[in-house]
């Protein structure tokens, strides 16, 4: 039991459900606190009774077992007392269930459509005309209305410190409300087993002060800047049309799966929207830091870096990788 | 089915007659031999599933583990779950039921001996079929829960093996369940009313009903999955407008009763073991029985609590939260009754008792963590994390496996005639208890720290390292404890103490006959006058409420180390002989005199009673019929020719079954 | 089975009931859940027809009514078979068993024809969720009828070779229970699947 | 024999009301009632439940009632929120 106390104090547990950082996670945590206290009390009493009975009545020469078959009053009491305790738990539980299920209202509520895909997250800020991936940016201090949509297989959206879990079921739309108290980065993960890289389907929620969030929104709404140097321009060309050499030509180009606003022809919808790729801290299911070496390794062989990745190994040459990395890094 | 015909000698449908040797095991219809087969097979799968668990724990001992590839990891955790549930816990319970059920109700065999053999062979076929997938391109890798549409993924045949293999295992369970239900309803000894039945028999009955009603539901889900995978049907494909939640509903409609299918037999075992070693009747027998039935019944109304995060809406979630909470009431009743059973007793801390006490103790934890799941808003945090894995292992390992080991230690002398060593047994218990808690207590913490389950690695710097390492150490401790058990078995086989008919001074009918029991179980079917009838043949209750041993001379004594003749009129003087009020753990106890006693030949003693005891002859056909099933399974995957071959085996087996003579002159 | 030794007498049981009959009733209880699951699947998907034909496009009520009636009447012949053997008339029993099997075969023939028609009109197993649930539900019912026919023919053959025993109506009764059950499942299917229009 | 005649008549009635437009609003309750009647006739008389041991009735009724309860509940969880997967995805 000391372990529970320990874990609640430690600061290096970024996914702990015991350290809620938002209204909706706190409501669940409040219920947990009550339940856990009752459970511990019941545990101590019942386990104590069991151990006491075993040691008090262990066999000694001369001890005779009392021959009784039951005790009706006691048995009725043993049925009613747990039932009452549970009833006591049921009332706040049901109240919180309905509380959490209520859709947040108001003009300033931000609606985001969240789609879980093998193995990354797509976010569509329906009112703001922003599409991004894996890193969800939200303002602090206000409820965020997430509409959770299915795509290929079941996933489950979960940011433990900010709120509960919502399964992603293909063909269904569900809701989840999140709220963050303070600015910061909150880790989350896909929770429903979804295939080879289920473990690699992470996500982050980045909460900003409302003012910073406004800034982020207006940055995101800008189309991508035109490539600044020739290497980046070559990368952009490669991105849309693929390379002229044998392996890449005629096959898929980056743009068949990825979109970049402002780059003609890059309108793919299968992979993440890369318009502001360089502004993201992580990529590929939020498992890699977004830096040059990780990006190079990724482009060289995605399925090796992330098993089961839908992005195939395109057999890129070092030169092609140079150009693509240069271009991607301009996408601030 | 097979009715009176003039016995035909020889020919196509002659029945085998071997009583010993491996062929006798292949063709046996004796519930005791089938029980042993079940037990050995289930234990084999226990080792296999355990090795899978060890591989998983090796991978997860350190962050970013690289022992297993993700593809292999996914197969291993899937097969670990499937193995432990379908090929260990359920059949291990079935093993004990098979061996004990007829003995406990005073019957010569189950109602349908050949169907019983058939169940075993089908179960074995299902296990081998599932495991053959490892060699034939990849085992199931979609989790034991097989959520669609991921389970429709056509990359390997793994989930096709899942859909067919579980289907076959389901046939075994269904046949077994029907057999046990009929046996319990119809084959009880005279005077064995329902409320005089041992609780283990009650729990068998309730479990069988759960299987009877739950297996067809998963059967349908598996058929639908199979049609989707093999024949392009659209039961779960969202692209065709189908709803993958249907799979989840059907799966958990079966899956939740399944949990009780696994725990109720263990509860039955505990309800036998605790009274025997407390030397007291079970406290609140009716309450234990009815709470068992209530758990089973309520177990049908809670399935959607596995789907709290699936988006069923607040009304459904609240309703299922309430039903889930209140299933804790009958469970609590059982725990209080077990404590009441120990209360006021004279408790002998034998290995079976310790395992039963361990069951109750661990089950309290598992039950309480179960209640925390019903708190829907917090369940949304716990679900699919290691917290759930911790909970389910407290129920299924701390619960079922501890209960089953209690039963194994308790009935081992009845099955094999020799006791297991108490000293080694207690060491086994301690090691397993420590290892178990070391493994699964950290799981709760990991879950609360936010580690999702079914992850083939965990990243560093999230606070998971210590707890994972502890859990892995615990897992290997459990493995060592199993080796200790195997050593105990080996020692017992060589130089185990001879058990005699009644080594524990126990209460129920199976201890009236020799250990191991003769093929026909009882020379004469006992007439039952009490609950715990055997006890009341040995003891009377004094007016002060204490028990006193009934001697031939009428004197009562609580001294140990004596043997006495049971005060019974039926069978006259013979069966209860050798019942000795002896603690096997008090070293140096003299072996009971009954161990060397020769029993009269079965036929001879029966002739004396004027009735021939006709036991059914062995049969080839259960094995043949059962063997057809995996062939059909391969046929679905690989070739219509195999399909036809399997169907022919099935048909020939069925016709042979019907047409073979009822018995062969030995 | 357990105590099936000559002379054939009813074995002693705690309830006085026949083991095989008890087993069959337990099995039928289990079958309720089996068909219940399939029927629920159908009810869930009956309007999920995608681009394929709907039930209104396909169902031919008069045709299916006739085949339903055939199956219903086969229950009657089954009752007559049992009452014949209980009256000791094994020849009549065999005739009624054959009649029952024949009616069952007629029903199966009708189902095969119906399936063929539906496929021609564009509904297959993989057309839509509706197609899948329709074919698999009615197909499994058909499989049950087929197994029933095999058992009826088996009884007939065994009886003509004298392997059913002189006064033994038990196998006939047990197979009869199965047969009637398959019939009542069809009563439910006919009403719920065919007659109640999809909304 | 009488039972068979009744069964036949019920089936005829079922088909008849299917074609009577005036009964359209009552169609489903009537059909369910007729179906139930046929069901009961077969199990009570043809399968002898009326005359046979109560144990058989209980075994069968247990399965039947469980089926009804559980699947009605299950279908409710779907249809209370608008049927199966109301929003088919555009892409597979």
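By letter and in written order, the chains are A, B, C and D; residue numbering begins at 1 in each of them.
One rule holds for everything that comes next: contacts are C-beta pairs under 8 Å (C-beta built on N, C-alpha and C of every residue); 3 or more make two chains touch, one makes a residue touch a chain.
Every value quoted in this text rests on a predicted model; they were computed, and no experiment measured them.
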Inset, instruction - By CA centroids, point me to the most central chain in this structure. - result: B
Inset, instruction - Report the pair of chains linked by the most C-beta pairs in contact. - result: A-B
Legend entry - Rounded Å distance between chain B and chain D, as computed from the means of their C-alpha atoms: 37
Legend entry - Whole-Å separation of chain centres (CA-atom averages), chain A against chain B: 39
Legend entry - Mean-CA-position distance for chain C and chain B (Å): 34
Legend entry - Distance between the centres, which are taken as Cα means, of chain C and chain A, whole angstrom: 51
Inset, instruction - Hunt down the residues of chain A that sit against at least two other chains at once, touch-wise. - result: 150, 152, 169-172
Legend entry - Residues of chain C touching at least two other chains: 15, 17, 22, 26, 29-31, 33, 37, 44-45, 48, 129
Legend entry - chain B: positions in contact with at least two other chains: 185, 212-213, 238, 240-246, 313
Inset, instruction - State the interface residues of chain C toward chain B in the complex, per the touch definition above. - result: 1-8, 13-15, 17, 19-20, 22-23, 26-27, 29-31, 33-34, 37-38, 41, 44-45, 48, 50, 125-129, 131-133, 135-136, 140, 154, 158, 163-165, 168, 170-171
Legend entry - Complex contacts: residues of chain C adjacent to chain D: 15, 17, 21-22, 25-26, 28-33, 35-37, 39-40, 43-45, 47-48, 61-62, 65, 68-69, 72-73, 75-76, 78-79, 129, 176-177, 180-181, 183-184, 187-188, 190-192, 195-197
Legend entry - Contacting residues of chain D [partner chain C, same complex]: 1, 3-4, 7-8, 11, 14-15, 18, 27-28, 31-32, 34-35, 38-39, 42-43, 46-47, 53, 55-56, 59-60, 62-64, 66-68, 70-71, 74-75, 78, 83-84
Legend entry - Contacting residues of chain B [partner chain A, same complex]: 69-71, 74, 142-143, 147, 149-150, 153, 238, 241-245, 278-287, 307, 309-311, 313-314, 317-318, 321-322, 325-326, 328-329, 332-333, 335-340, 342-349, 357, 360-361, 364-365, 368-369, 371-372, 374-378, 380-385, 441-442, 445, 448-458, 461-463, 541, 545-547, 558, 583
Legend entry - chain B-facing residues of chain D, complex: 55, 62-63, 66, 69-70, 73-74, 76-78, 80-81, 84-85, 88-89, 92
